[in-house]
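By letter and in written order, the chains are A, B, C and D; residue numbering begins at 1 in each of them.
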Amino acid sequence: MSINSFGRLFTVTTWGESHGPALGATVDGCPPGVPLDAEMLQRWLDLRKPGQNKYTTQRREPDAVEILSGVFEGQTTGTPIQLMIRNTDQRSKDYSDIMEKFRPGHADITYWQKYGIRDYRGGGRSSARETAARVAAGGVAREALKVLVPDLEITGCMVQMGPHKINREAWDWDQIAQNPFWTPDAQAAQDWAAYLDELRKSGNSVGAVIEVVAKGAPAGLGAPIYGKIDTDIATAMMSINAVKGVEIGAGMGAAELTGEDNADEIFMGNDGKPVYSSNHAGGVLGGISTGQDLVCRFAVKPTSSILKPRQTITKSGQSAEIITKGRHDPCVGIRAVPVGEAMMACVILDHVLLHRGQIGQNRGPIG
Amino acid sequence: MSINSFGRLFTVTTWGESHGPALGATVDGCPPGVPLDAEMLQRWLDLRKPGQNKYTTQRREPDAVEILSGVFEGQTTGTPIQLMIRNTDQRSKDYSDIMEKFRPGHADITYWQKYGIRDYRGGGRSSARETAARVAAGGVAREALKVLVPDLEITGCMVQMGPHKINREAWDWDQIAQNPFWTPDAQAAQDWAAYLDELRKSGNSVGAVIEVVAKGAPAGLGAPIYGKIDTDIATAMMSINAVKGVEIGAGMGAAELTGEDNADEIFMGNDGKPVYSSNHAGGVLGGISTGQDLVCRFAVKPTSSILKPRQTITKSGQSAEIITKGRHDPCVGIRAVPVGEAMMACVILDHVLLHRGQIGQNRGPIG
Amino acid sequence: MSINSFGRLFTVTTWGESHGPALGATVDGCPPGVPLDAEMLQRWLDLRKPGQNKYTTQRREPDAVEILSGVFEGQTTGTPIQLMIRNTDQRSKDYSDIMEKFRPGHADITYWQKYGIRDYRGGGRSSARETAARVAAGGVAREALKVLVPDLEITGCMVQMGPHKINREAWDWDQIAQNPFWTPDAQAAQDWAAYLDELRKSGNSVGAVIEVVAKGAPAGLGAPIYGKIDTDIATAMMSINAVKGVEIGAGMGAAELTGEDNADEIFMGNDGKPVYSSNHAGGVLGGISTGQDLVCRFAVKPTSSILKPRQTITKSGQSAEIITKGRHDPCVGIRAVPVGEAMMACVILDHVLLHRGQIGQNRGPIG
Amino acid sequence: MSINSFGRLFTVTTWGESHGPALGATVDGCPPGVPLDAEMLQRWLDLRKPGQNKYTTQRREPDAVEILSGVFEGQTTGTPIQLMIRNTDQRSKDYSDIMEKFRPGHADITYWQKYGIRDYRGGGRSSARETAARVAAGGVAREALKVLVPDLEITGCMVQMGPHKINREAWDWDQIAQNPFWTPDAQAAQDWAAYLDELRKSGNSVGAVIEVVAKGAPAGLGAPIYGKIDTDIATAMMSINAVKGVEIGAGMGAAELTGEDNADEIFMGNDGKPVYSSNHAGGVLGGISTGQDLVCRFAVKPTSSILKPRQTITKSGQSAEIITKGRHDPCVGIRAVPVGEAMMACVILDHVLLHRGQIGQNRGPIG
């Protein structure tokens, strides 16, 4: 298994560096007959694209995706889909100052320790730019899911910026597309704008928490023990740049609950399917989906490329102070929203396909 | 890849049900020449074993592990190591009441929805008993690591029970082995004992947070993008029964930090290796280990098998009330401590082997 | 992926040594609801069992298989099935003479070169005894296929012993179970008996060619490019001990054909499915099954453990002469017949499951 | 694991269709620090390139490979290497006649049966053009092997065309580069030229046998039971378009040998390493390399696209006669020679890396 791949039947291998000729994703295992063209994918890339407002890096690239294979006459053929995004804005000179110094909190030093090679151009493979390839691949997954699970709806949003959490009572799905932070709380959007402005001006950055919800996933997805759908969701999110924590349902807060509080009670719904009194489980029991909303959250750490001076060392082991100029995101979590959605789409599609492969028999009478 | 396996070069496949004839682990990829016998593994199993005090299930089994293959004249041969634990205390009658009803918060319903088959005997494959196989496999990993990374030390402990967190100022590594909760805070151990007693008597249960720390792991382990060591640690922990959240280093709290606060500053140590002012990164940058302590935490939800009555449905879709009798853990997180350690050992060994395979060249001058 | 595993969705990991406590197979990915018990598997093991006539090794073991997990109330549950066969006849003393010497043509020397460890007890992991585990696993696959592809029929037979090929004109399927060589040619069975008697008495051994035919496999199994069903069949057969060549359909003989002769012409059958004028393709085009018989052959080299003296070296590098006493097969190919059948069953089941996973849409109007 | 990938630590995923915008290979797991540029790869592609003489298809394409990622300042970085070859000569009109008809012996019908989608443009994914991507990836493997195993030499050649085998007594390695058939027998080259001319003029085609030899591979590569190096070589070769049989060492001929004849006797060489009296084993015992030449052969069937009329059916199930016009290879085996070399290079590199990962200890004193 390539260490740059994820997925079992629907597999995605991302490739490419921040400042190389191109980056992309090799997408294998998409079922045949799915309508697909580049515009369908471009739509999601445009959401992730930097430079759209003052809260994201000012690097400006069209991030235009090309489909090089696997699609014929507007439909997937069942063969590998190669997605390529050319890098066009490669101002490497911005990074010349950090050729010798390691940025604290950045992968500079560990890549050097592991590989003995330093691609100083904007982080090379460790750049958040790699996530563009994920978003493109997620777009393929979404189109396949439209065919296979038409009712599925995947939505990501920001629920915390720095220490500031949203008010969950004020949750409004329609707000998400209305503000630059993809937050469902209109008041939070206003407050965060002021907060982030100040941080940005001071050359600092801040972390965030993203929540991704999938509505309409069928019961029965996932498999014990190491193919649990919640494990796979956690894996997918943790693999995103800068993510330091992942939660399913009640998440870390599950530790505080009693068994009585935690157990989501079960009733029969009008459509003959089980309904639940609550969703502490985040839609997963024993690694298998219940049919409730799949809910996950992940924490994105603050960008380490900041204007604040920090102590570090050089490649030759000398002490040094570093300030990272260049065009960076004050809250890189913002751009992680569409990435989280893309990962969720990939995991769900993979499990829909796996479920079909695993189960040759009737399922139980309820699901 | 078997869905009951984890690992890339050091792979573990667990098998077996709570009340079947036996359970175990097929361990492949252990290097040859590692001294190994059953007692070395038994030691770890004894730590996880239920029934040792009033805070864990009263099911009493010796959990004696047999090595069926892969060891010759006291050494591993490089071939698969089969570990088997016979089930001896299979009081299936305890569960007869729940043959028809689904326990809220338990995998009963999803297994039924997915497989159309119900192994009502103590949860079958979804039982926490599966973790015995993990602990045995982790024991193999530990012995291999003793040879390959002699300085490595892996320690798990409980840092939160229900809403009660430890006082980190009072952290004392030596306390961990002194109390039934494996907590480094002596005062917390006392407080939790009283708290848990009460919960247990009321037939309720509660969640917990476990922290696992690996000291002495070399820099350079892990690989971008989907083979990151922190992702693999998170995957391993999330795959444990009842885990709902995983954190690396600052974890979910990273969202609250500014870039200035989060960036662990770098200095040169006296031994020519980098040292850091702090460890918000949890020992990992860009998915590759820094040489600092690897730190992860995970939240374990409360046992869903409780004496408190809850609403549920039956297999035939009728409403019902359920009380789960039987012998259960009031805080199953306690027994998750050695499981977390075992998973950490497996992941680190896998990455030590992977690193050797990936890198055919010199590493950089610092690492 | 464990290096002792094969398969993608239906995976088999074999474990165990010739003279250890036990050997077996961890079988994962079997669909739920398949009727299964130990007797169903024992039937196939009995066919492979040594000591049944004078043409196979006189080692006598019951080779009784136990199912340790994955089956509940007579049905598979969808969880891993652990199969264990205890070793009971472990006369290690037979091998004491070869502790220091490497048998020419045997894996003794390469295991030593690779692992620096020598399990001299009957070949350890490299013993043909490993194939018992494959046969047991293949039995599971056969039971699942009975449910999923009821018309499928898998038959192996011997078509060549030493230089003596069968007369294909005399092919009679019913003969296969009537002679100790599983050959469809009654006359060949008689001739081979005399030939092998002589070889056996002289302490020599000889090779063979096995053919395995699967009738009734549906069209559409397999996937380009590295998941071709013919590649997977070849992989499975080549992984069997002592196999040195594998052929699909016309096999090596395809080199001699012209395009005109090789192309199996296509017609419409009465049932609306394609029929073919011939089967040079062995039932596979472009890695995908056509619906014709899947046909593969493999060559098994002669046993290297013979009474004839051969030149070799010792572990310490001294020249030596070696005669391998002990109980060996004069034509180990005989016992490879049920092994080849088992591997074919595993590959076909895996591809049936994969096909279900890969294809979420309608297939074409013909298949 | 993507079904369009092969390899464990060094993985190659090929993508692209005959007449799409581009095709290529995603190469992951190449160690860092290997000198690499596009010219190094182009050299091997030029060997495989069609249209170089009258014996290969007259399609003319530069087949220029671009390296899109994974290389920085002339060296591999340890991150995925994306190789892209644009398709420039896409005369789709040549194929318009076969949009409805299935070519006998071709994957047309099975792709249709499996996917329900027909990429009639030159075979789409099933075209031999896919092998260009393999050759490019093999070029990467060769460069890495230059660093890791400097003495390794991999050479492929044709040893049989149609019924005409070479005279092995006349084997001359230097002849291989001197004739259009890459055969080591000068006389055969002359005879085959006349034979193939006639076939080509008559619109027919013919099969061939290719032999690939790797000199200088160290002992100890490969691993029992399903990670045997000979199994992996067989898998790699069988996955090539049109291959119907694979042999290691004595191959299918091993069936004819006695144990006495087959066992390669062992002696101590002057350099303290074992030497062998013969190489029936093809350099592999028990799935592990001995240090002798690794020898494999594979049979390539004749091209099914021929000018001879054949009976077939259409997509709608009507009987039809078909003649395949267009530009095809009378002996596609010729172009399989560099492909076989490339696959051998990939397998050996993968096993060199695996061996480093698997073995953490000293190896035995001989190897």
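Simple rule for what comes next: a residue touches a chain if its C-beta (ideal position, glycine included) is under 8 Å from a C-beta of that chain, and two chains touch if they have at least 3 such contacts.
These numbers were taken from a predicted model, which means no experiment stands behind them.
With every chain reduced to the mean of its CA atoms, the largest distance from chain A is reached by C.
The distance from the centre of chain A to the centre of chain D, with each centre set as the mean of the Cα atoms, comes to 38 Å.
Here the CA centre of chain A is 45 Å from the CA centre of chain C. The distance from the centre of chain A to the centre of chain B, each centre being the mean of the chain's C-alpha atoms, comes to 26 Å. Shown for chain B are the residues in touch with two or more other chains, namely 1-5, 8, 14, 29, 32-33, 78-79, 114-117, 125, 223-224, 354, 358-359, 361-362.
Chain contact topology: the protein chains form a complete graph, every chain touching every other one. Residues 1-5, 8, 11, 13-17, 20-24, 26, 28-29, 32-33, 66-70, 72, 75, 77-82, 84, 114-117, 119, 121, 124-125 of chain C touch chain B in their complex.
Interface residues of chain C, counted against chain D in their complex, comprise 1-6, 8, 14, 102-118, 125-126, 130, 160-163, 199, 204-209, 219-220, 222-228, 230-231, 234-235, 238-239, 244-260, 262-268, 272, 274, 277, 280-282, 284-291, 297, 299-306, 308, 310-313, 315-319, 333, 354-355, 358-359, 361-367. Across the complex, chain D meets chain B through its residues 1, 9, 29, 31-34, 78-79, 144, 147-148, 223-224, 352-354, 356-362.
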